[in-house]
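Look at the two complexes coming up: chain A is in both, with chain B in one and chain C in the other.
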Partner chain A sequence: MRAERIAIPLGKALAVAAILLWSLFPIAFIALSSLKPGQEIFAVPPKYVFTPTLSHYVELWRGWRGFFAGLLNSVIVTAGATLLAVAASTCAGYVYARHGGRLLNASVAGLIVVRLIPPIVVTLPLFPIVNALRLNDTHAVLIILYAAFFVSLGTVLMRTFIQQIPRELDEAAAIDGASRLTTLWRIIVPLALPGVLAVSVFVIVYSWNEFLFAFIFTATRAKTAPLVMSEMIGSIDGVDWGILFAAATVQLAPVLLFVLFMNRYLVAGLTAGSTKG
Partner chain B sequence: MRALPLLAPVHVLILGVIVLPAFYVVWLSLNASSFGRAPVFVGLQNYIQVLTDPAFRAALLNTVLLVVLAVHAEMAIGLGMALLFASGLPFRRFLLVTVLAPYAVSEVTAVVMWRFLFDPDAGPVTLALRALHLPTLDWSFTPSHALTLIGLLTIWLHLPFTFIIIYAARLAIPGELHEAARVDGASRWQIFRRVTLPLLAPAILIALLFRYIFAFRLFSEAWLLTGGGPARSTEVVAIYLYQEAFTFNAFGPAAATAWIMVAVSLLLAAGYVYLLRRQVAADAR
Partner chain C sequence: MTDHSRFRLSRRALLAAGGATMLGGHAARADGKTLNVLSHKVHQTVLGTGDGDLMKDWRKANNADIAFTTFDSNPLQDRLFREASLAETEFGVGYLIDNRPTSQIAALFEPLQPRQDKSPIEDFADIAPGLVRGMTIDGKLIGIPVRHATQGLFYNEALLEEAGITAPPTTLEELVAQAKKTSFTSKAGTPVVGMVLASDLAVFPVMFARAFGGDFISADFKLVPNPAAMESGLETLRAMFEAGSLPRSYATTKNDDQVTWLQQGRAAFTVLPFARFAQLNDAGQSKYPGRIKAMEFPVAAALKGKTPMAAVVEAWAMAIPKNAKDKDLAWSFIREVSSKRVTLGMAINGNGPVRVSTYADPALQAKNPVAAVEARALANARGAFPPFPEAARAQATFLEEVQLAVLGRKPVKEAVAAIVTRVKPMMPA
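Presenting the complex of A and B:
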């Protein structure tokens, strides 16, 4: 009994330390290393105390201006995809929450299944179509693709969140002469804000980080930050890891802060999105 | 029917970008075609070609190994962490947020991180393993080591999802059940085996199926780490598809591969939807 009283807290402390190490060490290590001067990145054993310098960031700015153009493209694509996906999902989720019927219920299952089709499958038929429409290497193609792959989850999530809002509010608004759109915008959206935020978190993280579609459908003008980074990985020889660490830190920092800040909505979205249907 | 305009954007996007292209892939898979050549109907020829191609079989084996090993390891870790969190921890919210952090990391950034952590000369993990006289990963030369690294990377990126699903399910179990079991004199192991695990089983199955489906389409981690090499030895099914389509311009076999991927995903998805429905029905009772 006495041994247990010491062993259990000790075991827990070790487990917590392992979890912290596993989750944070890779992130902390590259963020710290991006500030290491010159060759200290390759010091054996690794140095954890050093004079921080922004020299790798300066080199990144001088040598890889394309990375910053990529960041701008990422911002545009992420904003566009998020607006489109959230607006479309909220409208459809509202209808699904308020109307029943066999057809609608069956199409919810359809929405769940569609979400499970691998994205790489549609690149094959879409590639010639996108070329024919002259949409290749544009922000629009990425915005449409990213939104399309998240409106199914978005709709199911919004349906779940809107179902919790009492119908009487809609009816009261209708009696006061509000149109369906006015009700949606003035009553439903403010009350379903946690749902809107949960959907936004998913779309923002996905659009900001996505690689496959950007790799296949963009070439120069609409290249997003992850794609530029993949080219940096390919072209960098041993010495330039510092620049890559700086780029990785810049790409990661905003989305990491966003996820940590929005963790409540992410947790709500993850649980509702995979266990409700 | 007045609701139709509100439903239209979602369904137009899904039909136009996902459903119709997925069906078009079926037609493509039954034809021989490439750039600038009219398609010729060849029946199931492409499927036979793909299924007898040693490169496809190797890619399929790699994918199945990755899915089975990585997803189950991830579930074991996620389950252990969920139980640890539920047993009461100080700074729980802070720790929870910490565990979520890798969710924000892109595949590209994760590859940068893990490539350097396991760098054969200067990687901190390699150096630590060497200092402990443990075997290191020679991932740029040995295919099995490369696949191990891809597996680790994938677990790292997706553990937040698995953990959250299991932890939420664990929190939903009423405390009285554990209380009652303890009063009846059940040991810790018996409580876990007879109370916790059966109640978590639906969530575990749902999370597993979900992760099978997503691990089966794995592309970026493997592509960015090894490009499928050396000598196509670390290809997964999605990389095989990409190579057939965009490197060899063999649209027929690529489409057949794509439809095989869809079929496997839909099969897993059917199980997933079935479990969801049963779960919803059980909740309603």
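Presenting the complex of A and C:
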């Protein structure tokens, strides 16, 4: 019994430690390697004690200005996609939450199916269309695509959040003369804010890291940071791992901090509706 | 009501201002000419920047700017072919790898001979004829060579000394023996393997086959023209693996590992393009700056002095998509980049020069210690295999059989027979 009392917490602690090691090791390796002198990054045996240097960050700034332009593009695209996806998901989620009907309910399954389509399937047929619309290499094309890709999941999430808000509030607002839009904006959205934030987290993480659409549909003006990083892994002139790890750290930091900050909303989003009924 | 109207008005004003800003941006861009170039970052880098910009005179003379869009090799080729297959493309020049243009792909690009006849490139005959042939598809010149990467043998002089080796190998047999001798733990405590090679590129087994006078697919599309030589090449690789002269992780070793292993003193020999010389000896990355040397890959003793080694070369060329808008401006750019002055400038910046005369330049020889040996290797070099529609699948099949043979999972003779049987249906008619 006493052994059991020790073994169970110890087992749990070991399991948590293993998961932490598994999750954090790559991040720690990248961040620490960005501060190591180039010769020591892949030294065998590995060097755990080293004099940190910012030289890779300086070189990144000097030699890869395009990376910082790419970061700015990533910010624009991520912000735009998030606003669009959240707005569309909230409106659609409200309709799904407040209106019934067999067709409407069945279409929820359709939303989930849409989300299961691999991006590459829609990417190639879209290429000539995007070109014909002259949207190639614009922020707009990425904003539309990223938002479109997340509206389905966002709608399902928002529907679940809004369903938890009593309908009586809508009715009270209607009696007071509020329109549907006013009710949504002034009553529903403030109460469903955790859902809005949860959807935002998903869209932000996806848009910030996305590669495939950005690769296919951008060239110079709207090129995002992950694309520039892929160039750093270029096979012709060799990889400067220190610079690459510095870029990876810069790219990782904002989204990592954001996810840590918004962690509870992410969990709320993942578990939304799980205790219903 | 008034408030509501004011709100709508300001929203419209905002949209109008945004639209005007966007239009304004486009108008500003439309003032001067811009040549859009689709290339690898390295092609942009070697043209220099600021005071070292090799194209500044061209920009001024043509009142044009050059906008590079850069990708890594494979994504670049993918994008270039997709752009060239549209009704119209913004890109005037695309950089093309010599093993990609099949007849179908070549048809997407402008034939350049008429332009060369009308407005010729300076001393065109000086550009390596083998590289020009590689860009002549179905009798049409579709690309002007601009860069080559010829494979050479790199060795860590310090590790050879530690193993008591006083001179690098002169034959393939000596290379095998030296690789075995340098598979040891160095004085620094680092476990060293004699040779590190990536297992996912056809370049290396092809080099070993050629060292015995064989090949995978010859320039005239003969599949494994000398099976005995291919068997000898693979037997050599297999013996090296069994002796521990190749890494135990051979099956998962990549091209980048070759660079880091040599820089870190984890391998004594490797095969890489001569252009990697600077990176391998970079004091910021390498533990052995100045001690990593390069030489031509040696042939087998039986061929020494009789048949020169045909190293594998990969070349890049500049092409004009048929659907490009301003082809005259694109050709003008190609002529300038191909000039002797710019070719030399790019070579000094680390480009593999395509002009024979460039190697004789003292400035290049001073800057690049392996220029002379690279020029010798280039003289007999050819691509790993010629382009054809099923080339990627043929390479994957070839590598699958090579790996089975090297790892001892299949007898070498059977693997070579399987290469012939399996790749034959993929060959062009």
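One rule holds for everything that comes next: the second predicted complex is superposed on the first by the 250 of 277 C-alpha atoms of A that agree within 3 Å, B and C clash if a C-alpha of one lies under 4 Å from a C-alpha of the other, contacts with A are read in each partner's own complex, and residues count from 1 in each chain.
As a convention for this text, a residue touches a chain if its C-beta (ideal position, glycine included) is under 8 Å from a C-beta of that chain, and two chains touch if they have at least 3 such contacts.
What you are looking at is a predicted structure, and each value in this text was computed from that prediction instead of being measured.
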Superposition-derived comparison: chain B or chain C, residues of chain A touched: B
Chain B versus chain C as contact partner of A:A81, first or second or both or neither: neither
First (chain B), second (chain C), both or neither touched by A:S230: both
Touched partner set for A:G38, first chain B, second chain C, both or neither: second
Chain B versus chain C as contact partner of A:L111, first or second or both or neither: first
Touched partner set for A:L153, first chain B, second chain C, both or neither: neither
Touched partner set for A:D240, first chain B, second chain C, both or neither: second
Contacts of A:N131 with chain B and chain C, given as first, second, both or neither: second
Overlap of the chain B and chain C footprints on chain A, listed as residue numbers: 42-45, 127, 230, 233, 241
Chain A partner contacts - residues on chain B that touch it in the complex: 2-3, 6-7, 9-11, 13-14, 16-19, 21-22, 24-25, 28, 80-81, 84, 87, 89, 95-117, 121-122, 124, 127, 156, 161, 164-165, 168-169, 203, 206-207, 210, 213, 216-217, 219-220, 224, 238, 241-242, 245-246, 251, 254-255, 258-259, 261-262, 265-266, 268-270, 272-273, 276-277, 279-280
Sites on chain A touched by chain B in the complex: 12, 15-16, 19-20, 22-24, 26-27, 29-30, 33, 41-46, 84, 87-89, 91-92, 94-95, 99, 109, 111-114, 116-127, 129, 144-145, 147-149, 151-152, 154-155, 180, 184, 205, 208-212, 216, 226, 229-230, 233, 241, 244-245, 248, 251-252, 255-256, 258-260, 263, 266-267, 270-271, 274-277
Chain A-touching residues of chain C, taken from the complex the two chains share: 36, 38, 40-42, 45, 67-73, 75, 79, 82, 86, 90, 149, 189-191, 255-256, 259-260, 263-264, 266, 275-276, 279, 282, 284-287, 350
Residue ranges of chain A in contact with chain C within the complex: 37-39, 42-45, 55, 127-128, 131, 215, 219-220, 223, 227, 230-231, 233-242
